[in-house]
């Protein structure tokens, strides 16, 4: 299996996930502006999940760019990541419709955590195949973002039961950390190419 | 990240948006022709949004054809455009189901306006990277359509509260202005190639 | 715009249409086999529309294979075809859920008719650009299938109000005529290539 | 028609099927953890179907990699496979929502069986075209998995009416047999390439 094909399939799945998520923004019954008010949290959670999926799509691309060939392990690690990403519409919808209630806030964190672990597994399987001295391994460096994020999600899940807004703040904060495209890999590429 | 990949992902998202929009055309309960009558406005708004998404797809392609490489800024400006385009099914459905009621008419205009601004931002980020003397910048020229459209949408949003049919007329009119594929860029290409 | 890109976008839209159509096959409430009985007509209409979309996908591909470049006219004629194809889920769902009632049977024929006309327009625009002496024009030959189908659909729409099963038989019959991949074009290709 | 295009279209359809399947995981009304409890079987059946579709996607790719050209027969055999795969969301949803009730358990097996037969037909059509001495035929070898699976599904369908958990165990077991990527073909490739 070529990397291009794995990427194309993953792209299609992510594109569909990101788009069907908007179906949770259900058309209200009223025709006045106040009919949109209950949709505000749905809109905000949609926006956050849209950003997260954009981040995953971007990082996933940078990762696969550096992957020479696809083994069965990589294929299933990739499907594992797509599985957890496919739960974003559910977790986002439950969270938004219930206006950031405690349990849905924590469950959203669980999906974030599982997706982050799945990404880490995928990355590790690829690095193991490419070799510790590969351009990919060097470009990843200490990978502090990849290691810190799951810890922060786990902390947020716990804190959601104390004060859910702390959890929300952590989810937004981690997204902001990642929003900058993964410069390590970009720099790594340039360094390799030049 | 290659331009081809950004295009393929954007294409997939636009293809999905354009298609799930038709899900708002809900199957009526009756079996007679009159059961379709309440669907006429839904059908008409679907048609208009279909044309708008066709226009965005077309112009987006011409724009990216002239983009040599993708920076993080371009990537996120592109995701910003896709985010606003993803709100078309919601805005279209609310508008059509309520038979062109005032507020939904204005809200549809807000989505049109935000998408137009997002497109303008994307275009500006790309032009800034390609350079003011690039073939793209020359091909865009004064870009009167790109500058006029947001103004017309803003005017239409205001006028929707006076007479919503004026707003509808403006939305249709702007679509007609754009329906002609962006000849500036096409001409620019030919000029460059010949 | 390259033909490849127009094809990729059309493929994505057709793939989505063919798949969301299955959403009309709603999960029944009962847990016994008889709960599936009301779904039989929905299943049969889904099968017929699946075949029709498969035919369109196949013929569309053979057509674009012979298209050297894409003009604005071709682009919008193609979007016109996709628009009518996008109404298949609606027409199919209404038809199946109402167990082949008269009006939905006729409306299904209207969508078939409009899609056939849109395909004919697309084909004509492409042939006009490629030239009457082009390999495409020669391969199409008299195009008796393309000319006969809309006539048969129109007849079926009228007959639906006399006896809807005659209309159903015509829809199935035309699908069978087309089910054989368009050998004219395939032969045309081989002839040109050899 | 090129193999690449057939693959791209199939990929898109499988990507959409795998993703819309998650829509059956409907957002619960409550905001407490116990509101998720009725969703556990839906989640488990979703997971199983996700794995099955991943297996089909993977094997389908290995199969088409070895296909030199696409005939009309291959095209329609491929659409036949996609048709049965498109029924996964329905069968999975009915099965999960009814907490592994007897009839939905058997019907899920019927869809598994039909998809397996459709895959076998596709494979046979391709092998017939490629020739009994082709690299593909050699790589497939005795194809004991492909022959055993439909038999096991048929047995499971019957046993579902005796004890549905036996059927569930067989479905899971067959998935595990396939979960290992089709090493025959992979090995076949390496053998051919080296």
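Letters A, B, C and D mark the chains in the order given here, with residues in each chain numbered from 1 onward.
Basically, a contact is a pair of C-beta atoms (placed from the backbone, for glycine too) under 8 Å apart; a residue touches a chain by one contact, two chains touch by 3 or more.
Just so it is clear, the model here is predicted, and its values are computed rather than measured.
Visitor: Taking contact as defined at the start, I'd like the list of chains shared as neighbours by chain A and chain B.
Guide: none
Visitor: For the homomeric pair chain C and chain D, should the interface be classed as same or different, according to whether the shared residue numbers exceed half of all numbers used?
Guide: Because under half of the interface numbers appear in both copies, chain D and chain C meet with different residues.
Visitor: Rounded to the nearest 5 degrees, what angle rotates chain B onto chain C on CA?
Guide: Value: 90 degrees, nearest 5.
Visitor: So, what's the distance in Å between the C-alpha centres of chain D and chain A?
Guide: Roughly 27 Å, centre to centre.
Visitor: Report the inter-chain centroid distance for chain A and chain C in whole angstrom, where each centroid is the mean of the CA atoms.
Guide: Result: the chain centres lie 38 Å from each other.
Visitor: Residues of chain D touching 2+ other chains?
Guide: 8, 12, 16, 20, 23
Visitor: Please categorise the chain-chain contact pattern as a line, ring, star, complete graph or other.
Guide: Topology of the interface graph: a ring, with each chain touching two neighbours.
Visitor: Could you list, by residue number, the parts of chain B that touch chain C in their complex?
Guide: My answer: residues 7-8, 11-12, 14-16, 18-20, 22-23, 25, 27-28, 31-33, 35-36, 47, 50-51, 54, 57-58, 61-62, 65, 179-181, 183, 186.
Visitor: Which residues of chain B touch chain A in the complex?
Guide: Within the complex, chain B touches chain A at residues 1, 5, 8-9, 12-13, 16-17, 20, 23-24, 72, 75-76, 79, 82-83, 86-87, 89-90, 93-94, 97-98, 101-104, 107.
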